[in-house]
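Note that the chains are named A, B, C and D in the order they appear, and that numbering of residues resets to 1 at the start of each chain.
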Amino acid sequence: MVQFAIEIPYWGQSLLRVVGGLVAVLLPAGGIVYLFLFKMMSFMQSRLGPMEAGPYGSLQLVAEVGKWMQKEDLAPERADVPIYKIAPLIVLLSTFLLIVVVPFGPDAYFTDFETGIFYAMAVGSVSVLGILIAGWSSANKYSLLGGLRAAGQLIAYELPMVLATLGVVIQAGSMNLNQIVVAQNDGEIFGFGGLGNPFIITQFVGFLIFMIAVQAELTQVPFDMPIAESELVSGYMTEYSGFRFLIFFIAEFATAGVFAFIASILFLGGWGIPFDWFGWDGADLGTVDNWMNVAGPIIMATKMFILVAIIMWVRFSYPRFREDQLQTFAWKFLIPLSLANIAATAILKVSF
Amino acid sequence: MTLTDRQQLSYIASQAADARLNVELETEGMTLNIGPQHPATHGTLRIICRLDGEQVIWAEPSAGYMHRGYEKLTEVRTFPQVTTLVNRIDWLGSFANEVPFILAAEKLMEIEAPPRAQVIRTILFELSRIANVSLFLGDLGVQMGAVTPVFLAFRDREYVLNLIESATGGRFHPNFDRIGGLKDDLPKGWIDEARQSVKKLMQFCDTIEDLLFGNEIFQSRMRGIGVIPAEVAKDYGLSGPNLRASGVDWDLRRDQELPMAWDKADWKVWTHPDGDSWARCWIRLQETRESCKIVEQLLDQIPAGPVMTKVPRIIKVPAGEAWVSTENPLGEMGYYVVSKGDLGPFRVKIRSASFNNISVVPWVLKGVYVPDVITILASLYFILGDIDR
Amino acid sequence: MPKKPKIPGLLKGLGVTFGTFVDTVTDGAQTVQYPHEKETPPIRARGVIALHEGNCTACMLCSRSCPDWCIYIEGHKQLAPPRRAGGKPRQVNHLDRFDIDYALCMYCGICVEVCPFDALFWSPEYEYSEPKIADLLHDKDKLGEWMETVPEAPDLEAGAGK
Amino acid sequence: MTAEADDAPAALPGDGLREGIVDDLRARIGDSLVDSHIAPNDDLWVRVATASWRETGEALKAAGFTYFCFLSAIDWMPSPYGKGEDDPDAEPVEPDTEIKQGVTGGETRLQLLARLTDLDRHVGVTIKADVPDDAAVMDSWSTLYAGANWHERECHEMFGIGFNGHPDLRNMYLPTDFEGYPLRKDFPLLARMVKPWPGIVDVEPMPADDEDDADADAGTDGDAT
């Protein structure tokens, strides 16, 4: 945890953490929605997108939130109401649980788990639970199909994601996310340390698999069968209205942001810049200058936005798979490929 | 034998048939109502599907949510008034709807439009095909979750609509055809504008081919899905690209004699042997290109002269019966016009393409998955107004 | 077609969207920000029907040829000063009411075509939506105001016959 | 037009072809072929006996007419309601109730109408058959031409013609408990009845004299130019 100049009581620290967590989740989510969903998509379609609310429509999201908040919180007559109401919160919860382990700087993190990536993979799956119960409790056939598809899909893509991460873990020799960042920035490629050693170079296959799995995990096109507005009319979200729909909506983009954070940590060097430039020593984080705690989040955000841009670019360009094709793709292609990747990484790790 | 009794009996019989099917499969099917308010149905078509998991074991389209009774309405209207009515059958390619009706009336009156009118008619006919099918090409993406193609389609269709509007005054409902010719001649500068627009539409076809048709995901979704063999297609009376995608080489523009100008242009009728969703979409893409070519060539061949032949101001069509059908964007669109020598037709049977095209749905949807229901419907391409009339 | 190295369709698709993105950034969007800027409809656009009241003789022809029965005309006969000095006073039709119900109108233009006295015209004006459907019944004063927006008929393309 | 040489017809079908079709059909169904009419180089109508409706379909399918175009019906009775454009004050005109069938004649009020196309010979044929007035039931084509299924359903709903052997004659458009057959001529079109025709109003005459108003209706009776 960041060392502050003045002593802050425990409750104060907790409050700061909560506020920090909210900022770390909601700010990227808002940025993603405005930059990519509103503007990039519109530009790719020869239009301007929202232009009326605020300069260049920058306050459109605020207007949308206001609109959703006003709407009635409906539940279908035969829905399982308590469960139905709790489902979106579970989905959003998993996003907040994920951000807990993401380090934004040498000392700017919420908690520093030794098994950070393990934890992240574990809590990332909690959202499946929310989606599944949202689909089931809506008492709607479309929602049910969407929920079941989501469950099948998220479980299928959990595996390649974990396996893709394993390559990184083997190469970094740690499951601690901060250690993974350090390993990349402190490393060198064939004796040249000027770029550090971002794992995207050595683990390119892993990176691709991870990004595909993230795409599927986020249920973005081409893997958006659980939502599939032209078939299942938004799937598990069909019956939700008002702020519960808003929570699903935020969770979708916040999770995109958080997964992009994790991807940038695993493959792009996270908050760091190559330590070689400033002569820092990776073995001792104390040698890293304190200003990295401020610059780190900005570097992270830049990398995150680049990754999200790719996710969204793909989303706006591709049609979607069919459910069975998606499963085939996961089980018959991605998983064998990631296993081969692990094997290759392990062999090279041992031999070098 | 009262009507309701028989209907009830037939309903009970169909329920019993379903029940038998379920007993044989030993599963409890789920009935999924796709529509009438569903984004994939371009309006209000309802498809009742019985599902086993995600597999469709029985499907039945239920049309009629947009029935406007045009066949009845034509009986109280005069011939010129019917034109504006039939505009609204296939609202995306409305000019093409007018043509066969006007041709049928002209056939009964034994007159023919002047050559200039024939060429301009053909140009506008093909432009309305481009407007119609370009939207289909974009919409195809939306049905499969790709959001961008439809916006590009809207963008480029606008060029065609602007052309149609500046010539006829109506973007969607031109009402430009008159018995004996056209309402008016083209405005100055239209031909040059049309040349440029057609070039843009050719580019649009390439864009869509790159963005959608070349996409491996798209191909894997489309190939081998919803195969309709030629025999079945003919049996159900499928027409247009749906028929040609099944390998039947039949295009009314080429295969019948009409006072239109298609034979003045050099173009090709595309067929595809596969009969699957891919074939249907691909044929439409190729046809858009052919239409662009036809327009491009005909723009150079507009003869000078009047656009209207001599007709009485109050049009009374001589008694008789005539059937004229043309190759409309959606398929064979025909009118069986019965006149008794009055101001208005006695009976008009409107044979619209989508009605037949959609009647194959129960056959083709058996055994496919829910996502394929959407792609097959999209590839069959129907317009609700064209089904229900 | 010459053999080109085959680019995977997935990449081509990304290229198309990226190309459009760049085009929009550099050349601007194809859309028009409606209330701030407006497109001009073509001269022939069938926006709204304008009435030149002075030309109307209340002959009922438009009303009778309307497929939707949406034109309502009332008139009465009155005496007008004679055309030539010393002549008999003429009897003319005076128009009392000329309403078009735009809620029913199909914009077919048959009324404009049949009018033998050039009293009806198409105007490309299109901004006359109303919150209530009953307000779309426009009377002859409103229809007369639209006369100002009626453009000259366009020149015809070369080769147009008489 | 450059279609491939092999599929373009050498010459468009002439009269001989259509006469041949009629002769061929007569050979297949015999006296059931009641009447035929050929519009030279254009179109062909045949009228067959009611009982041999299905037989005709089979014969034509065997003769190469494999493409099903449409199936419908015609109610030949003139509408007793007119167009709703009558003067309510005027003497009601006795509606013309004479049933006069069109091409190839007929004996009944309702006639069934279908069209088949031969895609190889590029020729279409319109088949008509009388529907008995007392029991409007015909044989179904739905097992013969699958596409006839929906057309017969529509026909049943709009004209009240039953089809023997049709699997499922539910309504397509109308509610199940709808009464009446909308496309029969004696079914009133309500849209034209609920509201008076605005064109019926005439210009009010001068208070004193109402002769000499010839110019008031200028154009209404305008005849052929």
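Going forward, a residue touches a chain if its C-beta (ideal position, glycine included) is under 8 Å from a C-beta of that chain, and two chains touch if they have at least 3 such contacts.
These numbers were taken from a predicted model, which means no experiment stands behind them.
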Of C-D and A-B, pair with higher C-beta contact tally: A-B
Chain whose Cα mean lies nearest the overall Cα mean: B
Gap in Å, rounded to a whole number, between the CA centres of chain B and chain A: 45
Chain C and chain D, separation of their C-alpha mean positions in angstrom: 36
Inter-centroid spacing, chain C versus chain B (mean Cα positions, whole Å): 27
Computed distance of Cα centres, chain D from chain A, in Å: 64
Set of chain D residues in contact with two or more other chains: 222
Per-residue multi-chain contacts in chain C, two or more chains: 10, 13, 16-17, 20, 30, 65
Of all residues in chain B, the ones touching two or more other chains: 77, 148, 152, 155, 211-212, 215, 217-218
Category of the chain touch graph - line, ring, star, complete, other: other
Each pair of chains that touches, named by its two labels: A-B, A-C, B-C, B-D, C-D
Touching residues on chain B, where the partner in the complex is chain C: 77-78, 80-81, 83-85, 114, 116, 148, 152, 155, 158, 162, 165-170, 173, 175, 183-191, 207, 210-219, 302-307
Complex contact set, residues of chain B against chain D: 1, 3-4, 6-7, 10-11, 13-14, 62-64, 67, 69, 71-73, 75-77, 107, 231-232, 234-238, 248-250, 254-257, 262-263, 265-269, 312-314, 319-323, 325, 332, 334, 336, 338, 340, 344, 346-347, 349, 351, 355-356, 359-360, 363, 388
Chain C-facing residues of chain A, complex: 40, 42-48, 51, 313-314, 316-318
Residue ranges of chain B touching chain A (in the complex, touch as defined): 30, 32-33, 38-40, 54, 141-148, 151-152, 155, 211-212, 215, 217-218, 220-221, 369-374
Chain B contact footprint on chain A (complex, rising order): 41, 44-47, 141-142, 145, 221-222, 224-225, 228-233, 316-325
